[in-house]
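Below is one structure; the comments refer to it alone.
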């Protein structure tokens, strides 16, 4: 039995259904990231877990106990908000200990807890200040301190890093990861940033329009996206989604990619997914991540199935650690990720290796994965 | 239904109060006499009652010539908290009596002989369906001229006996460079003056028919039209800034000699007294020309409410004291008005007061004591105010001709009836 | 914002243009200050004149022989009805009515604003709309029905008094006035607080909920301590309105022992057929207005700050 | 997870429900419970009384309320008076005055308030002194200031006489004595009383505007005038609306203003509907007509305010 279980959760505002039957579960000590574009319902889902919003139907269980009807304070959770939600009228110490005060914890115990958390987060020198006297990063730390001090069963983070600048965001991300590793708490974390999702999560739920599109480990989500939306949303640069057709090639199936003013590329498929044969002669969406489309020398050695084709390079983007090259396939710009020192010029043709082991196929009608 | 409701609340109140056995030795008095002279006059009554052991609980609400007080009274009655007595004017007493909230002082009236001593014209308002419901405090009369004697001497004027005399006198003043007529351009002042103009123009019979009986033919008549013409004539003698002026400022113009004459009720005398002026030497009081022998009156009354039993004794004491000869004399000497009973000796009154008392007696006996329409003693408030509207609009030019004024007057009074 | 306006002027003209601009601005401000101060000036000079001087002199002229007598008379001697002890005694009546009325209506407004913004429910907007529209009812038209209800409540109070020995203040005219002002004040107080709390971060409330604070604890510990500006605005607004109310005060509390200042002042100022002492009236008026004037001058700074903080933002 | 296990888990909260549910239901209802008294008294003491007034307007109530329905005579009379323009009926005067007064009062207060706020926002030394000077009129009751204004506007006592004494004898200002202009003096005194408060609202709004927006506009080459017209004033839109509500409510309730300043004006030419209503209800003992006029006033307010409230609140709730 999982630690956090969400069963068939629905949430309706009048006529509008915000959450359309969410099923998610998370093991103890896990780190669940809810990710999706704004308006997908991820924050609402978090709020229902916190008890800040009621649910229309379904059940939320923590540690085997249904908590849907409990007051937020009775759910044994702690929450870090996007704006940090520090009480402006209280000092840092007051902010951290407010929850304990509400539960009637004696003053000396509160002080001990404050000191402990302050040490962990290195905010001891800030305890007497008011939130308005703190920098963004400091506020973030205090907000986390307020959550940590409760030692709850479940931590909830609502886009906690989105108000920080890029550098600080990376630092805090690492900090959160370290905190998770050292304290072993269970965390549910909302973000719209797929990098945060990939780096922090043990489980990711990709959401759109009040539905979970895919639920799984970061690797599953990344390598086996369930549909075009997930494939497109996760990963940076995004997966190349190229309109293609499935052609027969005597022995087996082949992916046919149209090119401008040149004959199409035909990539033979060795271990095509079973469902693909039904699409013979029909259009599909061919998905390949930039790192699976590279120069033949840089191609993954142990990949079982690589096809190479000459491509016309339109743009070259050296990014330091890698070089990205843009070619045109199936009427779309397609990004290939080459080694940093790959020697290619825009306007020339060069062979590119397609790692077809990592390629995925989607039905353009349903947008679902063809398996 | 309202009546039932009010009586119901009164009963409830009296039931609750009947639990107390002892009488409440206190009178609660709503009034709007808050200025120095008026308060001093009323203090006489307070003192009289104190001598009999009754405390005076003052409920003064000034403003708008009693408007604010009447609003407060309506609220108090709606709440079922009746005062022992309230200062009231004319038809208001009858309205409250019709609503069944007034007390009954008939016994006291019989004992004190009020039926004989109080002029019949006043009893029309203080007696409702044979029951005494109010005690009249005074009689004001409004058809007075108040003249600055120094100015009068300077221009060589004599007492005007007719309207034409009056116009001639005003012309003299105009020629001498003083403002002939001091008028406050507020509707009640204009209408009060018009009361006198109508009495002067049409005579007592006409006034009664038009302004007390609201006789349609009289209201429409040429005499009424002539009255408006006369009013228009008078208005030509007014200074340009008269509009909106308070009556006491107009009186001050006469006192200072900026103006010759003011047409105003006898309360104006208080202003002369306050300025340490004496009648005969500093100022003159004449009847409005052509109205000698008649009195247009208004009267302050103390309406007596249907208070709980334990407060009735105090109420009787208040009513008795109010109509006692000594108080009537003392009060009215200060207030400038004349006693509400005709058997009070005039020894303490000044010349104007003495004349007022004599005039009242004569008018009462001769049947020429008429209620002032402008002051709410000629007709119910709806009509009186409609009348004031028309007069004021005529004075200020919204109504342009006397013909139109007569038409409007008839229409307005019909509408309000 | 003003900080950025200045460089623009510098850019578009030289020092002279800037100087002329400043002179024009200060000139206009001073001119308007004169316009606003004029009636106060008239009242002030009049209150130091003798009646003779008022009647014979110019109203804008300074007093030739300033006298404090009108002030002394207004304070301690002038007649309010038949009691001639000045208006000093009516301060207390007003204060004991105004203070509870202001506090209760403000607290209710704060609670309502809190519920309407942070605990939205179906129909909350309609409820607010209905309460806001209530601000517009003409008070003259509620005078009588309200009196009827207060009367019944008063009789119930007497019954209680007789049966259990206390009326709980029912029927007491000060209590009545407090009630009336609360009833007709919550529309505006709710408007002020709702607009303020609308911009108040909801996450703070959520955080407090997670921290285990109850409905009232959140209000007391989180909302109220952060509502100072709007509190000042509302209190000033309510204080002014209730202190200056005449209609309800005269209708429900005209009797001497609970008569508020406005009624007393009105009784001094508005005489029907008596001599008007303008100097005393003006002095009495200033004395009566002193608390509100003081509140405006002292709290004016917070007032603007409070309005700024959101009272007008919506 | 077996079916049995599921059942067991479901059982526990099921059993605990009676106790937890009463409390939690109370918790859920608490906000509504808190709001309920305010809402209830509003319903009774505002809307109940409005219904009462509407009822009375269809009776023949005179001095006291009468509860016998007698039809719409009060409205017929008001309707008839609406077209009595020569000579103007009191009702016609009241409603035309309301139009003139309402329009000018609100417009001038908004314009003057905004103008003063902009001036005061130019880093003025002595702002702390000027602000209360502009604000104080709101603190005074018109019972008092009315007298001062009356004197000031009186040609024989105030401004005109003073200027004549100073030698400017051709100066003429007698609006308060003129039936066609007296309503404008009411506007002047009304503006004097409320414009400072509106100034404070605008000043607060100006202080709340993000300085960066202003900087951006200046970089775009906007002149000071353009800056205010194109950027600042549009940003102050919500304050215009709030100020409008405050002013509209003050305008409709202006009663003592007219009484203290003009005693109704020459021939009743300064009346506003609230004066009309008070006169008929309390002075003329025609309560039905007074109530009908109150109902018409309220309906007018509904017509003006409700669309605003609707659009404002609908936007907000989204």
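By letter and in written order, the chains are A, B, C and D; residue numbering begins at 1 in each of them.
Criterion: contacts are C-beta pairs under 8 Å (C-beta built on N, C-alpha and C of every residue); 3 or more make two chains touch, one makes a residue touch a chain.
Small disclaimer: the values here were computed from a predicted structure and weren't measured.
**Student:** Closest chain to the overall C-alpha centroid, by per-chain C-alpha centroid: which is it?
**Tutor:** Minimum centroid-to-centroid distance belongs to D.
**Student:** What is the chain whose Cα centre is as far as it gets from that of subunit A?
**Tutor:** With centres defined by C-alpha atoms, farthest from subunit A sits B.
**Student:** Consider the two chain pairs B-D and C-D; indicate the one with the greater count of contacting C-beta pairs.
**Tutor:** C-D
**Student:** Quick check: how many Å separate the C-alpha centres of subunit C and subunit D?
**Tutor:** Taking the average C-alpha coordinate of subunit C and of subunit D, the gap between them is 15 Å.
**Student:** Report the inter-chain centroid distance for subunit B and subunit D in whole angstrom, where each centroid is the mean of the CA atoms.
**Tutor:** The answer is 38 Å.
**Student:** For subunit A and subunit C, what's the span in angstrom between their mean Cα positions?
**Tutor:** 56
**Student:** I'd like the Å distance between the centres of subunit B and subunit C, where a centre is the mean of that chain's Cα atoms.
**Tutor:** 38
**Student:** Which residue numbers or ranges of subunit A touch two or more of the other chains?
**Tutor:** Each of 71 in subunit A touches at least two other chains.
**Student:** Listing for subunit D: what residues touch at least two other chains?
**Tutor:** As it turns out, subunit D has residues touching two or more other chains at 27, 65, 282.
**Student:** I need the residues of subunit B touching at least two other chains; which ones are they?
**Tutor:** As it turns out, subunit B has residues touching two or more other chains at 64, 71, 74, 246.
**Student:** For subunit B, which residues are in contact with subunit C within the complex?
**Tutor:** By the definition above, subunit B touches subunit C via 9, 12-13, 16, 19, 28, 30-39, 42-43, 46, 56-66, 68, 71-72, 74-76, 78-81, 246, 248, 252, 256, 265, 267, 270-271, 274.
**Student:** Given the complex with subunit D, which residues does subunit C contribute to the contact?
**Tutor:** The touching residues are 1-9, 12, 25-26, 28-29, 32-33, 35-40, 42-43, 46, 58-60, 108, 111-112, 115-116, 119-121, 124-125, 127-142, 144-146, 149, 182-184, 186-187, 190-191, 195, 198, 215, 240, 244, 246, 262, 265-266, 269-270, 278, 281-282, 285, 288-289, 292-293, 295-297, 300-301, 303-309, 311-314.
**Student:** Which residues of subunit C touch subunit A once you look at their complex with the stated criterion?
**Tutor:** 201, 203-204, 206-214, 217, 221-222, 225-226
**Student:** Could you pull out which subunit D residues touch subunit B in their complex?
**Tutor:** 62-68, 77, 87-88, 90, 150, 154-156, 174, 176-179, 182, 259, 262-269, 279, 282-286
**Student:** Contact residues on subunit C for subunit B in the complex?
**Tutor:** Per the touch definition, subunit C meets subunit B at residues 55-56, 79-84, 143-145, 147-148, 150-152, 154-155, 158-159, 162, 246-247, 250-252, 254-256, 263, 266-277.
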